[in-house]
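Listed next: structures, encoded as structure tokens.
Presented sequentially are two complexes of chain A, the first with chain B as partner and the second with chain C.
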Partner chain A sequence: MAGTIAIKNGYVYDPLNEINGEIMDIFIKDGKVVTELSGADMKDVKEIDAKGKTVMPGGVDSHSHVAGAKVNVGRMMRPEDHYKFYQKRTPLTHSGCGYSVPSVYLGGYEYSKMGYTTVFEAAVPPMEARHTHEEMRSTPMLDMGGYLVLGNNWFLMRYLKEGDVDKAAAYISWMMKTHKTYGIKCVNPGGVENWGWGENVSALDQANIHFEVTPEEMIKSLAELNEKLGIPMPVHLHANNLGHPGCWEITRDSLKIPKNVKTKPNTDVEWAETKRNAKRHESVYLTHCQFNAFGGTSWRDFESGVKGITDYVNSNDHVVMDSGCVPFGDATVMTGDGPAIHDLYVLTGHKWSNTDVECECGSGVLPFEYLKSNPVHSSQWAMGLEVLLYVTDAWKSIMTTDSPNGGPFIKYPQVIAWLMSNKARQDTFAECHKWAQDRTGLGGETREMTLNEIAILTRANPARTIGMSYRKGTLGIGADGDVAIYNIDPKKLEVNDYESIIRGFENAAYTIKAGEVVSQMGEIVAIPEKNTFYTDIATDADDEKRMLEDVKKWFKYYTLGFNNYPTPEKYLANPTPIQVNAEK
Partner chain B sequence: MVFKNIICPVCGGSCDDIQVELKDGKIDVQNACKMGNAKFQEVVSHHRILKPTIRENGKVKDVSWDEALEMAADILVNSKRPLFFLGSETSCEAQEVGLHMAEYLGGLADSNATICHGPTVMGIQESGMVGATAGQAKNRADMIVYWGVNALESMPRHMSKYGVFPRGYWTKRGRFDRTMVTVDPRVTPTAVASDLHLQLNPNSDYELLSALFTILNGREPHPSVEEITGIPISVMKQTVEMMKESNYVSIYVGLGVSSSYGKHRNIEIALNFVKEMNNYTKCNIGALRGHCNVAGFNQIASYLYGYPFGLDFGKGYPRYNPGEYTTVDVLREKDVDAAFVMSADLVNHIPADSAKYLAEIPMICLDIAPCPSTTAADVVLPGVIDAMECDGTFYRLDNVPVYFEPFTDSPFPETKSNEDTLKQLFAKIKAKKEA
Partner chain C sequence: MADVILKPIGNFDLTVEAEDITPDNFAGKSADEIRKILIWQAPAQFPISDFFTVEGNGGSSAEDTTIIVDGNVPRVKRIGEKMTAGKIVIKGSAGMHVGSAMTGGEIIVEGDAESWAGMEMKGGSIHIKGNAKDHIGCAYRGSWKGMSGGRITIEGNAVNQIGGGLIGGEIIINGNVENFCGIRISGGLIVVKGNAFRTVGAEMTGGTIVVGGCIERFNPGFEMTAIESDLKFNDIECPGEYKKFAGDYAIPQKGKGILYVSCDNNECL
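Let's look at the complex of A and B:
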């Protein structure tokens, strides 16, 4: 029976239900988790014996660059990234290649092999949303969605300057529907529009050259609009000044801005059963904290500024963040923050691509290699781990590499090993530049994360943060039947043998999507159906009408006509709108 | 009925404001350029290929769609190493099916970039490209450079829609707010319309770019460069100063750069020059892509398989090595034994040796009108005209995907689109291969 399966005797980790390694059976019927299967169902059901294995909800990546124009710029300009890392076609699967920027088929398979079933694209430029959706549609194995880049949008900046909040709200909801995207991404607010003139911003109160809106106003307004609209996830912030020594302060100050914004996610969905509150209460979701946590004043006195941020996060409850870990080796840096990548070009002289998008945003791409012999890279490695280890409550953290910026997502098992094993960290310290010890505090940190905390960081919390825990990131009754079973016996686990952790998480014994085994010990065995999520926000019809009059008038500054601007549903695999109720 | 906002399926400009009226076997087209108008006339033209044909014992005969597809499938299934040339005058959707077939059969897949802006793509692989969507230049650029391209004739609406004349946000006076420079050995209409024409000697682009780069870096270029390029060093200095003093420089390159001596090295140094120029002022570069979807193949081949053109699936995974797996080379080296050519008159556009071999091997051709390639083909499948008779996706010159919708239907009950035709062919190939 398709979509029906029994997983027996595994050690189950379902943090949203406070299940911490209990031996339990999980039953899935027609793709959803159920309490039990009837006798008739049990007769011909597929049964998996998970005895001595770790059972978690399918992995959820809430911030990864996997689809769209800039990812493809990375693919196109980097044949040297692809030729050594490839996979052959099989009767079931397509071939593919690419290490840090894999082709879409390969990317989908690699995620699935690690037990991931849901991935959200970190940045969708509105005008190029069709491209992002084309790539997501072609990415197998994963349920997906994407965040719309709005932090430098002309229409929004104009409305904010004029103080017209209603029209700004109507504009955001119209854009989400028009481009079938899920949440608000705010990248270097004000700075990317300035990059249209080759400039940036460096302070929260520095106004944008033309629109005269400050980053502070943008962050505050977007956070308020986000809640006014009832969007399932908090505003997703890539703070100003990224990648510059000393940037940790502006990051911390940015986090202070939405402190008093009251959160009101409001979706019409049926929630899976969970013991903990599965709804988010944070008003800001900071991304790739490591890249925003540089200390010092120059590359000479560069040091970790992580503690300044994590101290703030530990003493406040309105922030959740992902780490942006650096696992060493080849990477491709890519971001909507065009000026940040220009600075990296000046620093490295590498090949550099940039695409500014008219009236909306920008992006930059540059190949990068993190070397253990490099003082700054070694410090960044340590800082990425500091971000996760210093935050005491795991429910405020999400583990990412900001793939492929810190490193490709296939390095997640390695990152997990560092988090779980102090010995793994000490062994790496021995191999890398001494700045990792001297300029960060990681050497003195002895915390070793548990499997339960890893489950929080890699599925429960990403799903909760972005408002997907009504069906993802948990094994509660009614949740999607997405499960990862790892060859890790929690009772026998010896964290000093960290290679066994890497091996365990690298290839899930089984990845199950909607009740169907899709990959098994590193081999893809089925190509499941996939869903693409986006928010459908109901707003005031009058506001929308007034807003569209403005938008049509201003459309003359685009080179694409108003009628040819939207992204039709045709570009989505199983389009799944989520009804959102804006404040009246 | 009048249809508005139709996308033009001719050049990489993807004009999206075409208005058409189809009535009594005639078509009236508004807003399109001469090239666009001519293509729209194809939809009612008398020379359209309307029936599938096959060549049997040297004679061409009309057959049913099913027979033609059967024979096409036989040719491809029996081939050891088929070449799929997935032309740029059709949708990404059709090209995607073609790529899947090439992968399935272990053949090669290539597209027009291989004989066009392929060197540009290779230049990007050396340097990266600092670009922007077309509207950035429209709203901001106060200096426009056309290098090795005659925009007025190759992309006739580029100057009016994107480059020189449009009134953008910070360029309210249009042409009067912009300085226009053309670098071209010929005195083209574009050059005549420019404020400054650098009439360099043919094939001296690399030397001129090197000299400009040297000046940008504050050094004096070698005096011999004046004789080599035909441009006085004082003019070179003036050009660099003009760029540095502008607020926003937008450079467009054409085949004059990527197909003159130096090829991708010309592009590489142009891209490096632009990268460095960004330390002084905002500067972008972009290629004027010839066909409506030549950029699209580069995009989808990259995201589906990792490489932008010239893909070889002979080993079961994608490999890329321009000069080895690219169309002209595999034909010249007689390295393929059958070919599928879609929406591109390949025979007409490759060197004689390669064209001769292509005509010798079994070839399937999908196209809308007779051309040397269909004449040399063993199976001809009638093409459906994208953006007129079916919907789909093109990628514009600046890699912005454009969704197009039809204003009429496919004239063939057997197929809705080229994508549909290819899917039917693929189904037959799978059935034969797996039988």
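Let's look at the complex of A and C:
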């Protein structure tokens, strides 16, 4: 029976149901979690003995750069990323290569081996949506979706300047449907637009050059529009000034802006059973906090500014964030923040690429290597972990490496080991530059995360944050039958032996997607169907008509025709629209 | 010292990828076992005996093994790739990637070498008695980290991108080079006894380049700092007077590279 399976006697971690390592059986029928299987079902069902193993919902990555134009630029400009890291084809799987920017097939397989079943692409420029969907469609093993980059969009900036909120709302909902994307991404608001004139913005009240909208207005308006439309996830913010010493202050101040925006995610979906409230209550989701948390005033007095942000997050409830950890080694920096990439080029002299996505946004790519011998890189390693360890309530944070910016996602097991084991951190301190110890507070932090907290950071909370916990990130009744079973016995776990944690999370004993075993001890054993999620937001027809007149008029300046702008559903693997009810 | 003699017998209509022809891989194997080692030709693998006659057994270890390729093998690539010890003598011309990523041992090419000889090598030595083509001791495409140790000596000429991205080690060329010699190097030493055409040391951020002949088109991003004579780098001697330049100042990382150019042959500089 496809999609039906019984997982017996495992130590189950399902934080949304407050199940913390209880020995339980999980039953999945036709791809969904069920209370039990009938006698007839049990007769020929596949049964997995998970005795002595850790059972979690399938991993959910809510911020990863895995598909689209800039990812592909990363592949094209980095042949050296490929030739030492490759995989031969098998009768079931394609060949693939790429360490920090793997080819689509390899990326899907590598995620699946680690027990991940859902990954959201962090930045989809509207004009590159079709390309992004082509790559997502070809990425096997994973359910996917993508966030639309809107923080420097000409129409939105114009409507905000004119104060026409209705048209702005109509524009966002039309864009989500047109490009089959899921939520709002806001990258360096105002700054990327200014970059068209060779400038950036350095303060929240600095009006941008042409539209005269400030970053503060953009963040506030996007957060308000996000809730007015009822979008399942909060505004996804990449703050201004990223990657510059001292940027933590502007990040904290940006987080203050949407504090009083009332959250109203409003989707027509059936929710899996969960004990905790599975709906988000945050009005902003800050991404890769580590890159936004630089302290000091220059590279000489550079230090961690993480505490300034985590103190704010600890005392406020409207913020959730992902970490952007730095696990050392090769990475490829890729972001919609074009000027930030230019600054990195000036700093490193490395090859780089920059693109201006006409009227919409920008992007840049640059290869990067994080060295343990480098004072700043070592501090960044420590800061990424500070972000997660300083936030007392794990439900406010998500573990990422901003893959491949801080490092490739295949390093997640290493990051988990650092979070769970103080010894792992101390051993790394001994190998890396003393700034990690001197310029950050990580050395004095003795917290060691539990498996339950890791389950929150890597599946339950990413899913809850982006509004996917109605079916992902939990093993509640009615949820998708996505399960990861790790060769980790919580009763025998010795965190000082952190290599065993790495080994355990590197290759899941079983990765189960929709009730089917898809990978087993690092080997792909089945290629499952996949879904692509996007939001279908109901809008006022009149507003949409008025807005479309503007868009069509302006389209003569685009390099493609209006009719070629939308991404048709055929570009999506199993298109799964989520009905969203906007405020009337 | 055990000698394994490989005599090419043909079948090279498609190039062969022979990264398994190394002392490390032949050590401890009999001639018969060596004959059966599979090497790639296009998408398929064939035994070495399809391409070579094999005489002699491998030594007990890589150090004790010498491989003699008795003939021209310009269409056999990757001989000696990643070797750690021992010796390979190619009595004719070698194909691409000979000795790439090697960490130790010695390779002697009595004829010419194709491109990419000693790509990203870390140690050991390669001696090319004829001419060599492009990318000798260079970084892989896209990478800026080339050869990091060891020595490559070329008796004849070489062409483009010699020592690209060099971070250590030495390349000595008795003849001439053409374009982009020492592009992007950050360490190591390149000595060209003959002439270079243009873009010597472009974007270099460290390391040393010596050109004994004339650079026809000198790079604009260099600044003369001194005149020195009779240069000596350990056992490598460069007699005569040299103009010493620092660079390359054309890139944001203001260069700490050193470029010596013969005074006699570059009067216009």
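General observations
The working rule: the second predicted complex is superposed on the first by the 584 of 584 C-alpha atoms of A that agree within 3 Å, B and C clash if a C-alpha of one lies under 4 Å from a C-alpha of the other, contacts with A are read in each partner's own complex, and residues count from 1 in each chain.
In this text, a contact is a pair of C-beta atoms (placed from the backbone, for glycine too) under 8 Å apart; a residue touches a chain by one contact, two chains touch by 3 or more.
Quick caveat: nothing in here was measured; it's all calculated off a predicted structure.
In the superposition on chain A, A:435 makes contact with neither chain B nor chain C. After overlaying the two complexes on the shared chain, residue contacts for A:104 are found with chain B alone; chain C is out of touch. Contact with chain B, but none with chain C, is seen for A:557 once the two complexes are overlaid on the shared chain.
Legend: residue contacts after superposition of the two complexes on their common chain; A:78 is shown touching both chain B and chain C.
Applying the stated contact rule after C-alpha superposition, one finds that A:346 touches each of chain B and chain C.
By the touch criterion stated above, A:291 is placed in contact with neither chain B nor chain C. Look at A:135: by the touch rule set out above, it reaches chain B but stays clear of chain C.
Set side by side, chain B and chain C differ in how many residues of chain A they touch, and the one touching more is B. In the superposition on chain A, the residues of chain A contacting both chain B and chain C are 77-79, 83, 345-346, 350-351. Per the touch definition, chain A reaches chain B in the complex via residues 67, 69, 71-73, 75-79, 82-83, 86-89, 94-98, 102-106, 127-128, 130-131, 134-135, 138, 196-198, 342, 345-346, 350-359, 362, 365-366, 557-561, 563-564, 567-568, 570-571.
Contact residues of chain B toward chain A in the complex are 4-5, 7, 16-17, 92, 100, 103-104, 121, 124-136, 138-140, 161-162, 168-169, 247-248, 275, 278-279, 281-282, 284, 298-300, 302-308, 313, 315-320, 391, 393, 395, 399-403. Of all the residues in chain C, the ones that touch chain A in their complex are 139-144, 203, 205, 251-253. Listing the residues of chain A that touch chain C in their complex gives 77-81, 83, 345-351.
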